[in-house]
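Below, each structure is written out as structure tokens.
The same chain A turns up in both complexes below, where it pairs with chain B and then with chain C.
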Partner chain A sequence: MKDLIRKYGGPFSGMVAHLIQRVTGLLLLFYLFLHVRTIYALREGPAAFDQAVGAFNGVLFKLLEIALLGAVILHALNGIRITILDLGLGQDRQRRLFWAWSIGVGALIFLAGAIPLFLASVLRR
Partner chain B sequence: MTAIWWWLQRITGAALVVLLIMHFWVEHFVSENLRRGDLTYDAIRARITNPAWQAIDIAFLLIALVHGLSGARNILLDYSRIGRRGARFATAGLVVIGAVWAWWGIAAFRNL
Partner chain C sequence: MTGSYEVRVTKSAGVRSFQVTLGERMTVLDALFRIQAQQDSSLAFRCACRVGMCGTCAMYINKVPRLACKTRPAQLDSAVISIAPLPHLPVIQDLVVSLGPFFDQWKRIKPALRGSGADTLAIIPPNPDTSRKRDCITCGICYAACGIKASHADYLGPAAINKAFLRLKDPRDSANKARLSVLNDEWSGVWRCHTQFNCTAACPKKIDLTDTIARIKRAMLTS
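Right after this comes the complex of A and B.
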């Protein structure tokens, strides 16, 4: 673990960030497909729609939904970081920006969203 | 041409940050029922019959599709050697996929 942090925490941060952006991006595009598929059931009326949404009511799906929130936050914050770097700002601090902003601030926002969702959808059901 | 897409990716990305925060708040956090994940037909209907919300949601879908499919195109062109003709073919294919996908999402509201 320590070796991994030394290897990817330093000179490879940019590459890790780049890969995270692409993998989360493809995952989110796939999710959008599933999302539109479910929403389309609105056409078939209340019973069909509530059944289609109800299929995702299990604890496993609730946990996946919280993981989805994490993927969105990572992709969004890292995307903001990329845009800032592209504008020519903070390029000498891109590694620190990755760890402090994309990962650090991202973890805080994730917890702020994940805790209420976890309490309501996983613990109190 | 490439520069336009590069900028479009940043602009749509910035718009998606704002739209997503709103979307999460409205659909997942605003009430205890929604935090539990009890999203019902009636709850959606109450919101979506408002034409302003329909416009926002349709714009949201279109912006997400431009951003997502253009990102997928970047990945495809980076990791493949399909040449310029292949790239044009891939672009045309993604535009068709995007148009069908957009119609699919918009048509979901038609019977509400």
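Right after this comes the complex of A and C.
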């Protein structure tokens, strides 16, 4: 375990970035299907749509909404990182780019969005 | 400073543990020689130069592909040293793998200089874009470290792509069209690379292989 942490936290962190990009990509794809399915309820009238949206009012879905925010931020920032690298910029600083940009800046943006969301939709219900 | 290590070797018959005492400046390759001489004479491994020039002693050491002759137990920062054969390559015996699949991909990009007449004898001026990339010792470490190679056996691999890049940059060469068609292959060419940087991280010669692949991708898109 110690060897794996040392490996993927250090020189091989590009692999961690790749896995994060894949996993968050799949989660967003799943969310997209769920989103389209919910919107599709509009076809059956306003009442059906309200009922479909109402299913997402529970605490669990509010927490999942916060997790969705995290997935979007990670996927977007990591995508920007990969684009920068593919353009030939910062190849020798890819590890720093991952930890400082994708994770560091990502965590700040996530907290800025997740804390108000948590306070408004979970704690003050 | 002398240290005692538990060396876990993945042999063809299964994992075997050995206790070995090693000096501070001794390497994992020295540990294998000591095991072979004192504890298990049947242990099979390969080496040649012992100074990191030939790439023959590439192995999977503590979950990372490395050269055994350039890896000191002290730098692993662990009392346990696990040694296994390189991944993605068929094992011949114990720690000895066949580099056949690696060189099959290498041959696909036509590694030899293809020119005509006296032009091929011309001495080309040094190119800062390629000088570091010429250090490849074909050890197979990048090939073993590549995450894409694990799921796409047809993928050329970083070393072959790096060799193709050197040929593309060589003004004496005349086989670039054939080489580019191999590199541009949707399933096995440069487009398979997902910028994981594993090859660059593992390369014992510090060649920025991911940069090589990205350069070829950009050149293909802009030409």
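Note that in this section the second predicted complex is superposed on the first by the 120 of 125 C-alpha atoms of A that agree within 3 Å, B and C clash if a C-alpha of one lies under 4 Å from a C-alpha of the other, contacts with A are read in each partner's own complex, and residues count from 1 in each chain.
Following the convention adopted for this analysis, a contact is a pair of C-beta atoms (placed from the backbone, for glycine too) under 8 Å apart; a residue touches a chain by one contact, two chains touch by 3 or more.
This one's a predicted model, so the numbers in the text were calculated from it and none came from an experiment.
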### Query
In the superposed model on chain A, is it clash or fit for chain B and chain C?
fit
### Message
With both complexes superposed on chain A, which partner does A:G14 reach: first (chain B), second (chain C), both or neither?
### Response
second
### Query
Counting only touches as set out at the top, which of chain B and chain C does A:Y40 meet: first, second, both, neither?
first
### Message
Just checking: does A:D86 make contact with chain B only, chain C only, both, or neither of them? Give me first, second, both or neither.
### Response
both
### Message
For A:A107 in the superposed arrangement: first (chain B), second (chain C), both or neither?
### Response
neither
### Message
I'd like to know which partner A:A71 touches here: chain B for first, chain C for second, both or neither.
### Response
neither
### Task
Tell me which partner A:L32 touches in the superposition: chain B (first), chain C (second), both or neither.
first
### Message
By residue count, which of the two partners contacts chain A more extensively, chain B or chain C?
### Response
B
### Query
For the overlaid structures, how many degrees, to the nearest 10, lie between chain B and chain C at the C-alpha centre of chain A?
100
### Query
Regarding the shared-chain residue A:Q94, is it in contact with chain B (first), chain C (second), both, or neither?
second
### Query
In the superposed arrangement, does A:L63 touch chain B (first), chain C (second), both or neither?
neither
### Query
Taking the superposed arrangement, what is the smallest distance in Å from a C-alpha atom of chain B to one of chain C?
5
### Query
Across the two complexes, what residues of chain A are contacted by chain B and by chain C?
86
### Task
State the interface residues of chain B toward chain A in the complex, per the touch definition above.
10, 13-14, 16-17, 20, 24, 28-29, 32, 35-37, 39-42, 44, 61, 64-65, 68-69, 71-72, 75, 101, 104-105, 107-112
### Query
Residues of chain A touching chain B in their complex?
22, 25-26, 28-29, 32-33, 36, 39-43, 45-46, 49-50, 53, 56-57, 62, 65, 69, 72, 76, 79-80, 83, 86, 113, 116-117, 119-121, 124-125
### Query
Considering the complex alone, what residue numbers of chain C touch chain A?
62-64, 77-78, 82, 145, 147, 194-198, 200-202, 208, 210-211, 214-215, 217-218
### chain A to chain C touching residues, read off their complex
2-4, 6-7, 11-15, 17-18, 82, 85-88, 91-92, 94-95
